[in-house]
Structures are given as structure tokens and as C-alpha cells.
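Take a look at the structures listed below.
Both complexes below contain chain A, partnered by chain B and then by chain C.
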Partner chain A sequence: MSKHISSLAPSVVVDTAAARVAVSQMIGRISLRARGDLAAVGQAIGVELPTQIGARAKADGIEVACLGPDEWTVLVSLGQIEKVEDALAALYPSLPHSMTEVTGREVTFTIEGPQAVELLSIGAPRDLSTIKVGQARRMFFDGATVVLWRDAETSFRMDVWNSFASFLATTLETGAKELAAELA
Partner chain B sequence: MSTYRVRGKGRVDASKPIVFTFDGKPYTGLKGDTVASALLSHGVHLMGRSFKYHRPRGAIAAGSEEPNALIGTRRSAGRFEPNTRATVQEIWEGLETNSQNKFPSLKWDVGAVNDAAYMMFSAGFYYKTFMWPRSFWDKVYEPFIRAAAGLGVSPTEHDPDTYASRNLYCDLLIVGAGPAGIAAAREAAGKGLSVVLVDENAEMGGSILSEPQAKIEGKTSWDWLSDELADLKAAGVKLMTRTTAIGYYHENLIALVEKLTDHLPTLPADTPRERMWRVRAKQVVLAQGALEKPLVFHGNDRPGVMLAGSAQTYLHRYGVKVGNSPVVVTSHDSAWYAAFDLQDAGAYVQAIVDTRAQVRQDLQAEARSRGIPVKLSHTVTATGGRLRVNNVRVNPLSGTNVGAGQWIKCDALLMSGGWTPSLHLFSHTKGSLAWDDDLTTFLPKDTPEDCVITGASRGLWGTEAALRDGATRVGEALAKLGVEATATEYTVADDRTGSGVMMRELPTDRSPGKAKAFVDYQNDVTAKDLRLAVREGMRSIEHVKRYTTNGMATDQGKMSNINGLNIAADALGKKQPQVGLTTFRPPYTPTTFGAFAGYHRGEHFEVVRKTQIDAWAETQGAVFEPVGQWRRARYFPKAGETMDQAVTRECAATRASVGIFDASTLGKIEVVGPDAAEFVNRMYTNPFLKLAPGKCRYGLLLGDDGFIRDDGVIARVDENRFHVTTTTGGAARVLNMMEDYLQTEWPDLNVWLTSTTEQWSTVALNGPNAAKLLAPFVEGIELTEEAFPHMSCVNCTVAGYPARLWRVSFTGEVGFEINVAAPYGRDLWEKLWEAGQQYDITPYGTETMHVLRAEKGYIIVGQDTDGTVTPADAGMDWAVGKKKDDFVGMRGLKRPDLVAENRKQLVGLLTEDNSWLEEGAQIVFDPKQPVPMTMRGHVTSSYNQGTTGRPIALAVIEGGHSKMGETVYIPMPDRTIAAKITGTVFYDPENSRLKI
Partner chain C sequence: MIQIHCPYCGETLPELEFAYAGEAHIDRPESPSAQTDEEWAEFLFMRQNVKGPHFERWRHLHGCGRFFNAVRNTITDRFYITYKAGEPRPDLATLLEEDNK
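The block that comes next holds the complex of A and B.
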């Protein structure tokens, strides 16, 4: 029977001495595309938009990561989505932009533990040391595009499109067990 | 203790005996032994048969370059590996090993008749022998070659082992942990750099492991080695043993294969057998050392004939004498030390035969002091012994004259033709080589990669030279890393340095044409084969190599390339660099498929994408099929049903009442911005500028060339927002194409694209009862013909979830697609499923979807189109906006070929005898024409499970649109089927069923 992963049912994927991987609770997500007067956009959502790709900002429970020259992902609590959407809609006539809710699109894995970086290195071809604590990157992991948030040296969140979740959970589970066996 | 084991020698653990088997017979070795060293400790030299002539063969080397001693190893069911080098495989309690290429036994093999018939098997023999008669190829030659070819036996059982992979970034990667590599690591250690030192052997140290006599910095070499490795480890250097750098790729990407369990008696849990490391190193130091060259003479492949340096390794690393009465034949000083060490270990060296007239006095004095007879200016012309060398024929040389032969008894013959720098990885970097006349070998010159090469792999000889060079050369790499280098000056006492001369085949007094003087042991290529190749017109070493197969075996010509080149160059009368050196290619040593596959095998072979409803389908026993990376429910069989029966039932049930279908995999792109309508209008052939919010329209996407690329329904959500759907397999491609146009052609458009494929779970309801079933769940719109006509869309609430509800149909029935945020899809589906029971709701899969749409003549891009079909060809001119100024592909459609008469056009086919046509079957107009017939088209879709009471088919046929009612023919292997050309709509052509 294949793994079924849903952000409606948070669960622990694997928990070893090397790393713990869990599925997070559903959270509101907005893909935001804009150019021009970014200060106005930041004002509307209540967080100043970072402009360096990979940089993050957070205020009042709203977290933003810059993923491209004109692209941000905005995380908000489910209850706040409407408020943010309304604020952006009000801005649209003066500053056209693209606000697309993608709450359902993604599942987030939390990946933490002493070997979290090594665990990521089994599927991530990029140099993880270049993703500093407090940054986020869109990157490749075992055949899928993911967004990786580094919250501490060995604590990460990984956003993956939901259809990839069960496949990637298998990768993470295999890796966490392999790394734990190495420690033993 | 076995006869050939030397007490007090070697790094094996005498207190830990280990029993393994070879060809069913148990042998006892010591912990630290390889299969080869353990067998040699029992005087067993015969370890296999050669590939072509099935000649008896023994280990010729002691490391991964071994061409002969290839064995099968077995642990348990499925854990069998052919062609393992006995010189590398470490023994463990219970290991089963077997010799290869023998029948019925290793000692008596019928395939050895090839050896007697060797004149038939000369260079190019495949090309010459099997060319004629042509008709023999399939039935005689190819089966024969396939049966005879190949090393060992392929495993037949499923491999239960797991394999892993990891990515690693580091500042400095050092390949080879001999003296040069270790000295390089020492300079780099403790300077804040991430340093990785890898070695393919179980132990680090390289040549130091075979040179315990040396004193490095006042310590014995082995003490120095263990101290140094401990220091490096303490300084944070990552030390990796049993790890082979198999390939050097662009931008300093090096592939390492780490063997994790092949040496362990029991397999630890959750531990892969091998791990592929993809290392991206800022700087690389190559310190791969050098490989000893065999001498080429008649009988140089007999078991017991081996490399002198390897004999030294067996003695010092494993405490094994390879013989009690060896003879040494050499053209290089290094083999003299092998003679001295063996003599000192209790062997009686029968003679040192050196081809050179002049040899260093100190070496001669050492030989004299040990009582070893020395024969300078001598050659070896033959060896004797059936399964093991027992004598050697030695002749004096005087100029080009070869004097009378004298047989010397021996139980091993140790040879050295000098040393070849190991340039494999350097060669992978596209590094250029320079011929060195003094050393008669190629040396590394320039490389485009950030790497330096050091030690014996650039022709240096001796431990001190290697240490100093490693410490110095790494400085270049360190400087580029911004670290100051110090270059430690090492002093080594009792170091062994030396030099030698290059030999081609050793001179002989016998017919060189009959000499079995092997150059490539693994492919059984002899010196005379190489000369024959040159005589038959091969001029480049690349041609000589392919004609003779020299250097083309799994050992990558580690031993044969330079000898082969020297002989070919001599035969051509040219200098070696003018004849050229063949390119080394990865992998450096044979690598398992498992290591390449890593985690990607079995269920994890390839990314599998699943919808949120997939698990429901699984519990219902759905049969799945892959569509791109997705797995989709193909049909839902009830107990005992075949696919045809299930699909027939699903089709009928959907048309009769209501069917439910998971359409979540459809690609979805949100197009947002003031120019959204303009953008969609430019991309698709259909007009979109005037599509009102709340309405949907079918869209056809072409390439620049005018051919159909994709299609889908597009909804205008509001003035500035479109919800575009694409085919399941085309989603990523279409988004890329759109981004390409947006970013490069139309950067002025104020519009953005966001992939929303996975934002939505999409549940499709189709059938006359679809509206009745759905209506009670919907808030915000009435599902009537008036309020919500066909091709409408609305944002509303369905089953309590915010939804984008569309009224569309891909079946010809009343149809709805309900989009809700992906995680809610499963719940929505189950609610509809439950409520649908009163309407006998039937889940259907992709197969039924295909049949129902074909009955309506709706195309599937990629099935009814193949990248050469225009809208007109597909009968879809109606989808092309006639008044549009531009759209992607508009100019392409005007090309003469695309408007030519007689293009292949999509039509329907009904067979005269009601038989089902095979998809892909070719179509002809005249079935009586001679073969080969002129093919006029082919069947693109064909089904017999639909609701029209007869099989239907779609086909592309030359000029098909003007041939309505005509009969065409489909020749099949057993008969020819006649079919009538029809329109493409087989069901409800008036579209009356689309009305609620």
C-alpha cells in the first residue's frame, strides 16, 4: 500500500537518531508576482518584501520568501488569507500584480535533527551550505522541485507539490534510516 | 599456517582466521586478506580462464587493475556478482567464490580448444569470419558470438541489496591516499578548508603499505602512516576508504563509488551496499599513482607469472610469498627490490633476468650479497607448465641477436616493464598529455579543470619524491582557495628509487608469428595481433584498438594501452605520440548498475505523482497506468472482470446515469494581469479577447511550426484572470513554452503565470444524472440550462468547500468539473460517491475517458496527433480564429507544405466486418498492390468497448476529408481488413445530450 500524505493529517514520516521528518499542518499560501512599487505591496500585506532571491521576512505571523526577481511566496495562517487577499485586491487597480492562492498545492515536511543536512544531501544536488539560516530556496530534490526553508543549522521546512509528497517521503525515510545506521 | 604465508609479515591479522570457499573448496585466509592473497597463501595461482582462448590464468596484479583473476562472488540468494576482481574482494567468513569461463572445470576446460585454434582467432576475426554469407548472421554467427562472448555469467535473481547516493561539496578533493595524496592532505588540513581524501583500497597508504623498510621523518613508514592518518582525521579531513573515483566530469564534478558492505560477514540493517557520491570540489588533487607494466613475451600469461611490484604487495601487505623459487624478469630497477624482499622472506630467487646491459652497481651488489644469480642483457622467450609456471626459457641478448635458450625452473615469474602513470581521471578532464621520451610514457600536461596532478601519476618515482611533490603541488590548489601553502620538506631513508627502459615484445629466437605474447590479458590480444592490424592497414591507435579490441575490456587498458601503443608505433615506424593514445573513459573500474541507480529502483525507480484521490482508487482495486510522471486509475474492475468488460461497463454506466472521474492531473495554469486576455489570445488559436468572465472556451495550442502541441479548456475567472487547463502530460511543457514567449517575445505584457495544477483536486461528473447528483451540494448557482449553460464557470461552494465549478464535457454527456483545494478533493469525492449511490454512480478511469471522447471525435493530443498534425488536418479549423491578428503558429500554418493537398487528415473508420483495428495499424488504398505497399495513413485510436454497438476507430489518412464513404484497407499479418472512411463523430452528432 502506498503512502498517502495530506496536509489535513499531519504525521511523522520517520524519526531516527539522525533526523526526524514530519508532515506539517495545512497553512495558507499565496504565490505573489509583482514589479514596480514593491513598498506598496509590502504595505498591503504587512511585511516588507525582501528583494534578494532566497531572502525571507516575517511580521505579524505572515512570512514571505523571495523566490525570483518578481516572485514571492507568502505564508499566512488559514484565518488570515482572506485579509491578505483583500488587501492585495485593493491594491490591484493602482499596482497590477498576480496573487494566486496555492494553499492546496503544497505539503510541507519539517526536517530536523543532527543529520538533517546530510539527509537533504541525498536528494539535493546543490550546495546546502549556501542556504543560510533564515533563507529559502527553490531547488531540486530527488527529481522534484521543492522550496527549502532553513530555520536553523539543522532545521528545515520543505514545501513540495502534494502529488510528489509520498515519493519524496519515501526518499526521506530511506535516508533517515540509512544515516541512523551510520551513526550506530 | 599455509606454506606461503610468512610469519611476521603483512598487515593481515594472524589471530583471525577466516574460512571462505573457492569453487566449492574451503580455504582459510586471515582477516585483511583479499581472495587473491588468501588463495596465493595456499599456493593457488590458477583463478580463472581467459575470455577468448580460455587459457588458464592467475592473478597478475594485486589491485583494481587486475585483468585476469575475475571471479563470481556469492553471499546469498540474489547476492551474486560476476567479474569481481579477486585482488580487490576482501574475504569474510562464509564468502562463496567461483572461477569463471570454464566448463566443466577450471583445471580442464573444453573451451580451451580455442587456444589450439588460435590462428583462426586473429585480429579482426569477427569482421573477417562473420561477414559472409550474410544469411548466416542471424541464425549462426550472432547466437554463437552471444554464447561465447561475455565474461562470467549474468546474475538471474533479483538483487535484494539497496544502493544509495549522496551529494557532497568540498574545497579540496584528493584522489589517492598514497604518499603524494597524504602529503597533499597534510598541507590542506587544519586550514579551515573542507578536505576529502579518498582511496579505493580497504586501507590508505598506497605504495607505503608495500614499503615497510622506508623511514619517513625518522619513523618507520607504517608508524608514520598511522600517525599521519590519525592526525588528518583529527584535523577534520574526511577520509574515505573502499571509495573509487570512477569519473571526472565537467566543472570539477567527480563521481565516487563507496563500497560499504562487500567486506562484511553480516549485513547491517538499513545500510546500502554501495553509495555513489557526486562530489563538487573547488579544487582537486589527483594522486592516483602508477601502474606497473607487464613485459610482453611468449607465455607471459601463465598462472604464476605476475607483476613484480604486486609480488611485493602480496609479501608486505598480506604476508604472502607468491612463490618459493621465483625468477624475476625486468627492464626496470624496481623489480630488483621484489627479488631482494622475497629472498629475505625465505624464498630462493632463481635469477634476476634484466634486458638491460647496464644496471646500477648497488643493485647488483645487493643481489650478489644474497646469492641471487643475475643475468643482464637477457630476454625471456617462453614459459612452461600447464596450470602453473614451472620453468622459464632465458636467452642472452647481444645487440639484436638472441642466443641459445636455457630453461630455469621456477614456481613464479615476476616481471616488470616499468611503470605507467595513472592518467585515467586526468584524461576524463580532457587534459592534454605530453609524450616523455626518457620515461617512454605519456605525462599529464594541461587540463581545463581546477585540478593538479602529483606523485607517480606524473612520472615521479620514490616515496620521498612523491611526498615532496604532493606537498608542493597542492600549493597551487591551496593558493586558488586563498590559503597560503608551506610545502613541507620530507626526508625518507631507505627509499627505493630507480629507472628503467621501455621494451616492446621481448626479443625472441623463435617465430614471433607463433608467440602467444599477451598485451591485453582480458581480451586475449597478443603482440602479433597488433602487428597484424598494422599490416592490414590500421594506422591510428584508435583503429588498431577497435580492430584488435586491445584495451577495450573492463580493465580499460590499464596494463595494455602503453604496451599496445609501443608495439603499434614500432610496427608503423613512427613515434608514439604520432600514433596517439586512446582516450580513457569513465568509469575507472567496473561499476555496478546498482551504484548508478542509487535509490531509484523498484517502486522508487522514477518519480510517481499521485492525486489526493489516488488512495481511494487504490482501495477500490483500480488498475493504474503511468501518464507522464502521474499514475492514473485506468479502470476499476469488479471481481472477475477483464479490462474490456470493466471499460464497457464504465462507458455504459456513464452514458446511462452518471460516472465520476478524477481529472486532478490536468495541467492548470493561472494567467493573471491586465494583459491576461491578450496573452491567452496570442498563445491559443481560438479567440479569447471577448470571452466573458464566467465562460469557458476550448483552446488549441500550436508550435511556431503550426502543428498541434496541446489543448484544453480555458476559463475566464474574471477580467484579469484566466484558469488555463492543459493535457496531463503537457503541463510543464506548456508552462515552459508560455514563459518562454512571455519572457523573450512579449516582455511588455503585464501578466504572470502560476502553475496551479496541484492547487486543485478536480472531480469530473458526467452523465444524464450529473446535474441531479451535484445540485444539492452546490451553493451560489443553480444547475439549470439557463443559469449555468454548457461552457460556463463560476466560483461557488460545493459540499461546503470553496470551488471553481465548470460545466464542460469530454464525454458528450452533461458534464461538470469541480475544482476544490487539493486536500479537500478526497472528501468531496467521497461525498459525491455516497450521494451518487442512488444513481448507480460509477467511477471510471482513463480508458473509459478515452473511449467516450473518441465516440464524440474529440482528439487526444499525442495520440491522434503526432507533432505533424495541423488544426485543419484534425478537422478543427473551427478552433482557429479567422479574424485574429496573430497567434503562435499562425505563420507556420501558411507554409506551403501545411496548406498542400493530400495531407494526412483525421477521419473516422468503421470496419466492414465489425472487427476491431489495432492502433498504429497502417492503411493502404489498394490491397492488391505489390509489397512493399504504399502506406497512406494509420489508425490513431480504436475501441470496441463503447456505446455505439460496434468498434470505432480514428485514423489519419492522405486526403481523408475528401474521401468520405470510401473503403480503405488495413493489411494485418493474418488477413486484410476493409474499413469505410467516416466523419469522426460516432455518437450524438447533434450534441443533444449536452443539455440538462
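The block that comes next holds the complex of A and C.
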């Protein structure tokens, strides 16, 4: 049975001795594509854009991760969305770019606990140790594309498109319970 | 599982993150309306279907999303090299020689 997942109503998906998975509060998300004078774009949103794929930057509550050579995802508080949008719109005539607000597209799971890495490894084919603390990656997880943020050795955030959320929540729930059963 | 090196991410990642995208280095004709039906069909449909080292396109679908080129042996699935889209076609003889070392 799949779970009902919505960032409008944050909830705990599963909480075991191995790992805890919860749905985060809704936050603003902006998908940004730009080339050329990245310093000007960074200045407009208030965070210097990282250029290495997987690198992150944060300032004034605005968090940016580089997902591709010309692609970033920007996390802002709901109240800041308009400010960032206006700043980028003002830049548009001199530096054409693509900025799309995708707040409603995704939900974020927080995954933490002593076996968080083992839990993620059930759905991720890649080596998770290559994602260092303080980095983020877009990657494959159990059939879906997700963005994984590593905040500490065993603390992650996973941005998931709505349509995959209930399915992936079920995967994470089953995995967390199985890992906890092995511990017991 | 095959491991593929993404030239944009600079990481070697499992094939599940990638999608195959056909033969590489096929240029779309400059003026399609000037093409005969045969020439256009040649461009659209005719591929080499190489047995052995093959120049082909891949896309890092569940990652940076970029298309890039690779040389893969269609018999052994060995990747000799991957390189960014737009970069010149590497010399096959040199590649194979380096791989034999």
C-alpha cells in the first residue's frame, strides 16, 4: 500500500533504530539554467553560483546546488521566492537565462540515523561515499531521478518529484524496517 | 554492471544513470530542403551497425543530463574513452593502442 505524501502536511514516514525518514516542510524551489556571466547571476540571487557539479553554496537562507554544467537548483524560503524572481527578471535583458519556480513539483525527505547510508544503498546503484558531506547530486534511486543533499555523514535530504514520492516513501519505509530488524 | 565515465561530472558511475542515444558524429544536413529523398533517408535511417569499436552518443540522464560521446566495443562492452559533445573525434588507432598497454 502506498503512503500519502505531501509537504503541505509534513509527517514522519518511518522512525526506527536504523534510520528515520520524514517529509520536510514545504520550501521554495527554483530551477535555474544560465551561461556566460555567472557572477552577475550569483550577485542577483545573493549567492555565488558553484560551478563544480555537485557543489553547494549557501547565504542568507538561500541554498544553491550545481546539478549540471549550466544548471542549478535554488532552495529559498517561501517568502523569498518573489525577491529572487524579481532580481533574476531584472537581469534577463542583459543576460538571458531560464528561471522556473518548481516549488510544487517536489517534496523533500530527510533521511538520518546510524544506517542512513545503508538505507540509501538499497535504491542507489552509485557509490554513496563519493558524495561528500556538504555536496549534492542528482542521481538514480529505485527507478526515479532524485537530488540527494548530504548534510552530514549520516544525514541526507532527498528531493523527489511528487509522482514518485509515495512509491519512494514505501521503499524507504520497508528498508528502514528491515535494517532495524537486523539490528534487533 | 558497466561503469561509465561522465566527462561533464568527472565521475565514473553505474550504467543505470545513463541512456544510450545512437551513433555519434552524424551531422544534420545544412539545408534539408535541398536534399534528395535518398540523401535524407540516408541521414535519418542508415547507421553503420559496427561490430567492434563504435563511436556513439550517451546521455547522463539521471545526473547532469548532458549528451556526450563515447567509443565502446560492441562485442565486449568496453569503453575506450568518453568525451564531451562537440569535441573532435579521437583517433581510433591511438585509442586501441593505448588500451592494449
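Note that in this section the second predicted complex is superposed on the first by the 182 of 184 C-alpha atoms of A that agree within 3 Å, B and C clash if a C-alpha of one lies under 4 Å from a C-alpha of the other, contacts with A are read in each partner's own complex, and residues count from 1 in each chain.
Just so we're on the same page, a residue touches a chain if its C-beta (ideal position, glycine included) is under 8 Å from a C-beta of that chain, and two chains touch if they have at least 3 such contacts.
None of these values were measured; they are calculated from a predicted model.
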| item | value |
| --- | --- |
| First (chain B), second (chain C), both or neither touched by A:Phe140 | second |
| Contacts of A:Ile53 with chain B and chain C, given as first, second, both or neither | second |
| First, second, both or neither for A:Glu178, with chain B first and chain C second | first |
| Touching partner for A:Ser31 - first (chain B), second (chain C), both, neither | first |
| Contacts of A:Gly68 with chain B and chain C, given as first, second, both or neither | second |
| Touched partner set for A:Pro125, first chain B, second chain C, both or neither | both |
| Touched partner set for A:Gly104, first chain B, second chain C, both or neither | first |
| Interface residues of chain A shared between complexes with chain B and chain C | 125-126 |
| Footprint of chain A on chain B - complex, ascending | 162, 164-169, 268-272, 278, 280, 599, 603-604, 606-612, 614-615, 618, 630, 665, 670, 672-674, 720, 750-752, 754-761, 820-824, 826 |
| Residues on chain A engaged by chain C in the complex (per definition of touch) | 53-54, 67-69, 71, 125-126, 130, 137-140, 145 |
| Contact footprint of chain B on chain A as seen in their complex | 1-2, 4, 6-8, 26, 31, 33, 70, 92, 96-106, 118, 121-122, 124-129, 142-144, 161-164, 166-167, 170-171, 174, 177-178, 180-182, 184 |
| List of chain C residues in touch with chain A within their complex | 1, 8-11, 13-14, 16-17, 61-66 |
